[in-house]
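Working notes, beginning with the structure itself.
We just call them A, B, C and D in the order they show up, numbering each chain from 1.
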Amino acid sequence: MAEDAVGADRRVRWYRQMVEIRLFEDKVQELFMGGLIQGTTHLCQGQEAVSVGAIAAMRPRDVQTNTYRGHGEALALGMAPETAFAELMGRVAGCSGGVGGSMHLIDTKKGNIGANAIVGAGLPIAVGAAMAFKLRDEPRVALSFFGDGATNIGTFHEALNMASVWNAPVVFLITNNLYGEYSPLRTTTPIDDLARRADPYGMPGVVVDGQDVDAVHAAVSEAVERARGGGGPSLLEMKTYRYRGHSRSDPAKYRPEGELDFWKSRDPIDLLGAKLKAEGKLNDPDQTALREQAQADIDAAAERAAESPYPTLEETRGYVYAG
Amino acid sequence: MSTLAEAAPAESGFSETELTYRDAINAALDDEMAADDSVILMGEDVTSDGGVFKTNAGLPEKYGRRVINTPICENGFMGVALGMSVSGLRPVVEIMFADFLPTAGDAIVNQLPKYRYMSGGQFAVPVTVRVVSGGTGRFGTQHSATGESWYMAQPGLRVVTASSPGSAYELLRAAIRENNPVLFHEHKGLYGRKGLVRRGAVAELGRAAVLREGSDVTILATLLMVERSLAAAELLAADGIDAEVIDLRWVRPLDLDTVSASVRRTGRLLIAEEQWHEGGWGASVISQLAQDGMPWRAAPRAVSLPHDVLIPYSPPLEDAVLPSAERIAEVARAQVGP
Amino acid sequence: MSTLAEAAPAESGFSETELTYRDAINAALDDEMAADDSVILMGEDVTSDGGVFKTNAGLPEKYGRRVINTPICENGFMGVALGMSVSGLRPVVEIMFADFLPTAGDAIVNQLPKYRYMSGGQFAVPVTVRVVSGGTGRFGTQHSATGESWYMAQPGLRVVTASSPGSAYELLRAAIRENNPVLFHEHKGLYGRKGLVRRGAVAELGRAAVLREGSDVTILATLLMVERSLAAAELLAADGIDAEVIDLRWVRPLDLDTVSASVRRTGRLLIAEEQWHEGGWGASVISQLAQDGMPWRAAPRAVSLPHDVLIPYSPPLEDAVLPSAERIAEVARAQVGP
Amino acid sequence: MAEDAVGADRRVRWYRQMVEIRLFEDKVQELFMGGLIQGTTHLCQGQEAVSVGAIAAMRPRDVQTNTYRGHGEALALGMAPETAFAELMGRVAGCSGGVGGSMHLIDTKKGNIGANAIVGAGLPIAVGAAMAFKLRDEPRVALSFFGDGATNIGTFHEALNMASVWNAPVVFLITNNLYGEYSPLRTTTPIDDLARRADPYGMPGVVVDGQDVDAVHAAVSEAVERARGGGGPSLLEMKTYRYRGHSRSDPAKYRPEGELDFWKSRDPIDLLGAKLKAEGKLNDPDQTALREQAQADIDAAAERAAESPYPTLEETRGYVYAG
């Protein structure tokens, strides 16, 4: 999938993926309110271009780590919505047999080697995967997705320093949605452009429009191929926004009047939709049809997932220790 | 049933009010911050909308810059709290989930408990760490820990747990007044519980609380397991078994006198703990009593998290791994015998 | 006396050689790295001049980029090791002092043991962490910890300790071959010790070793306390007391069968541990035996680090706080009685 | 002491302090070899200008944290050599009653609020002290001394980020002696000028000649007074060198031929000595006499320290918990 040139059908596929992620997350919110999904959820509506554009820059044997807010990456990597829903409902059909839940959509066969609930923990893990590739002289690259808030914790610093001094084939990707939980970036971080945090490691840092999937794809592709070619790691900052609160039923009262509307005016799905329409590649009726089809698929996937049984303790014992 | 400690007649100066566990913690913070300007509160998102578990409502408005919102860096801000404490402040640090305590591992193991010692006693380190612990939340493997026993072996630390609104209030005030680092454990499954609070009271350091007197078996518990032990005691009463229930409260120092006196009467000890038995306070209590030559009427037992099992997200499975009142009662019945 | 395990006739394919504890570790690393290209060694200063404790001499020259020098960032490079392990490598990570393990607290508590579980069993995490532990070095409060019990409660981990050149060699090889994270504890006071090594042998997972057979009391120990227990046994022999000495070896999983069988014969258990008793493996073993209704001939006892005391630098004081052979013998005498 | 203008007598005092530190450390090495000091020692010969110049920039109620290589700071802050020797020998007359040892020369009354054996641990502690000053509106500043290797650990990043976002009155001081234990900076760190690590926190970063006590004093004074005036934290990198190995009896074989000689050719004591001579403030005979006097004082201090008894366990119990 990742090899072909960036052509029309591919960008139509991106459009479809973004719509799927959007509708998946909306459905999760609905199921959470209904009690079929419990505990916590961290949704990514508004950030779809980051997940889809960056994942599209990966080649088949590349890998990535992401976070508790990783549904977008998991789906973009090809996890079936039914499998994801089943995990969120704690069912055996889930990617992690139901023991992981919303924060751990993982599928190593698809290059998804980790969704972490600890802020910053995924970065060194990605560096480790990259070092394994490097030590075996494999032309593979590791990506790490994390948030703006994660750039303030020690593992961010330690991971970027190691990656650079070892010239590891890894790309660090900040999904800067302007908030860490309820705290605006400015209250926890003394600078606005987090890409500035690349320089002390002697690596390139790039600010990217995270609403424009083409821009995301171009920037990540360049960084990934540089890493693959032995050019070393880089840090990319995706400027984007999460439409929902941080988690669960957070009303996000901490956001200033009008901020949400401003970002919705640059909705990543609408932006690509407008381009595809202008380019005559996907007109309005097509977009509507695609969306309706996606909605039907999501609803059906959720229903099938709900039919999967809960795991028994015995079924999960083998998850603790490997034989 | 409500607890003996709380049911006790309010001493002069105490006003009894019913509060939720959440509000009892808020009241303790408020009372200590009002009583002492050097007390400050810090942690992630503590200033926004009462904080993640809404325990801090009203405090930012009332105490201004004495409530500090931190970046996400547990080890770093724990070190900051230490620096404040040796500079005349009494910081209270909120750790949003007990699972994040190990992120601050160096501060907790090598700094807070050793800082005074390394200096030959030049410092006092009055830091209180509020740790939100426990399961029932469906938060999964990385967000459901009870870290109450993780650091119990470390000289220089105090470790305490709160099982009810009343004890949360009195113990948190005691922790904040203590001149040494205290890990104060709250349970996220208890925030909504209501109970009597003796506003103005401060708990005694290192004292367990006998919540229900009984003659057949002593059930020793902390945090959420206390109410489940009290529920188990009711089930047992229906079978004519008279259980004593003790809230251990302090994991360091351990109140072996209270536990030992009870077990000498009942001859049976049952540990109810939301943790794995190895390396925990339950094992330590049983070991100490065995070393003291406790004359058991029946072998001590423990109801703990299942061996070699981690905490799952899947709701029915999480319920299955957490010790229940029924399970506690069942094991007690086996101890007491026919 | 040397250990039974080591004195045992070398099985076919084993060549017995006398090595120091330091060189036995070096030999285990060398043999595993030679046997499997996916085994790598990483840590701070591991490439320079054999590393800080000279355990890695010759390995950088022999294995080139498979020996990786890290910046100073324990939590970070422990995460790197995890990432390597789920990508086909078998990293061995050196932690220069056990005291630095808490710096990597998140990796050890939330990542290594839970990574497989969170994924529903998709990964194996073959990471070995070599932890240099223990006192006698005059390194003071922040450099003398034995972290052997810190993480013993954590499902997903294995924890093992090496008390002699022979066991260090066989246990380290077993740890590296294990498909789950293993915390392998070395003792810095033992590096110079000489002993027989069965080159080629690999220890069995979870098995304790009876080093000296006896009928009056079972002394259970790890690391440096093993040789001190063997010395205590000699002192006791002079008094006509016949002590059995067991090297626990594995703290997780605990080999309760071996210990229990021994104590059922001797009726007396004495724990010799270079740690505080609370929250440790000693308390856990006593608790388990008590729950199994062990018929004690005398109450179990423990010789541990003194309660509420930290490890001092001052040389005579450090000697005073570490359990000695004399102290172990003294307590055993009291247990056996006149 | 800190108020008077930088005049002759003050710089003569710095000269004397640097000589005292040099001879103290030489004596420690001798006592370690002789077994009177056990365990480990981390000596700072060659780095004296950093300790003396920076400490001289502090005002009376300012504080600092340092490390296991903190003898220079402790003595510059006015700890009596006898007290320091007693601590290194594990005697009751030591600053920490003998329980701390070489890595923990602490004297809170002199503003020395910590000497830490954990790399990077002192930085957040200094930020905490600075925040206490700020919350009480006291015009006090906290310094933190640490090494080049410490700039790779998470606490460095976390401390600088917090200090900047809170505008804490703290100064971070890197003693860049080119090595972290046996590892050359370049093998663990992808850049040469560590002052570059200030920018991502939006704070000034300055490279300073760590051999020139006047340069050190000027740079640190500026940073300290900026912090005191509400101008926020800064990061200073002192380029210097340790003459001895990392610790104990490390032969430092990892150092390239000639490197040590190069640095000795810019010995901080000789540099100031030459200036004072040229300025006619301290001629050769005076310098010789001063050195001989200092040697006599050091020898006498070590002898008196050795007469102090070892502490008993009872005497030290109170060090664990405060009443």
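Keep this in mind: contacts are C-beta pairs under 8 Å (C-beta built on N, C-alpha and C of every residue); 3 or more make two chains touch, one makes a residue touch a chain.
The structure presented is a predicted model; accordingly, all values stated were derived computationally and were not measured.
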- When C-D and B-D are ranked by contacting C-beta pairs, first place goes to B-D
- Remotest chain, subunit D as reference, centres from CA atoms: A
- Round to the nearest whole Å and give the separation of the Cα centres of subunit C and subunit D. 37
- For subunit A and subunit C, what's the span in angstrom between their mean Cα positions? 41
- subunit B to subunit C, mean C-alpha position gap in Å, rounds to 31
- Task: For subunit D, write out the residues touching at least two other chains, lowest number first.
- Result: 98-100, 104, 116, 118, 152-155, 157-158, 161, 165, 187-189, 316, 319-321
- Residues in subunit C with touches to at least two other chains are numbered 70-71, 73, 75-76, 99-100, 103, 106, 110, 117-118, 140-142, 155-156, 308-310
- Within their complex, state which residues of subunit D touch subunit B. 63, 65, 94-100, 104, 106-108, 113-116, 118, 121, 123-133, 135-136, 142, 154-155, 157-159, 161-162, 165-166, 316, 318-323
- Using the touch definition up top, name the residues of subunit D that touch subunit A in the complex. 152-158, 161, 164-165, 187-191, 196-197, 199-203
- Quick one: which bits of subunit A touch subunit B in the complex? Just the residue numbers, please. 38-40, 90-91, 98-104, 116-120, 149-150, 152-154, 180-183, 187-189, 253-254, 310-313, 316-317, 319-321
- Show which residues of subunit C lie in contact with subunit D when the two form their complex. 44-45, 48-49, 52, 69-73, 75-76, 99-100, 103, 137-143, 306, 308-310, 312-317, 320-321
- Can you name the residues of subunit B that touch subunit D in the complex? 40, 65-66, 68, 70-71, 73, 75-89, 91, 106-107, 110-111, 115-126, 155-156, 179-180
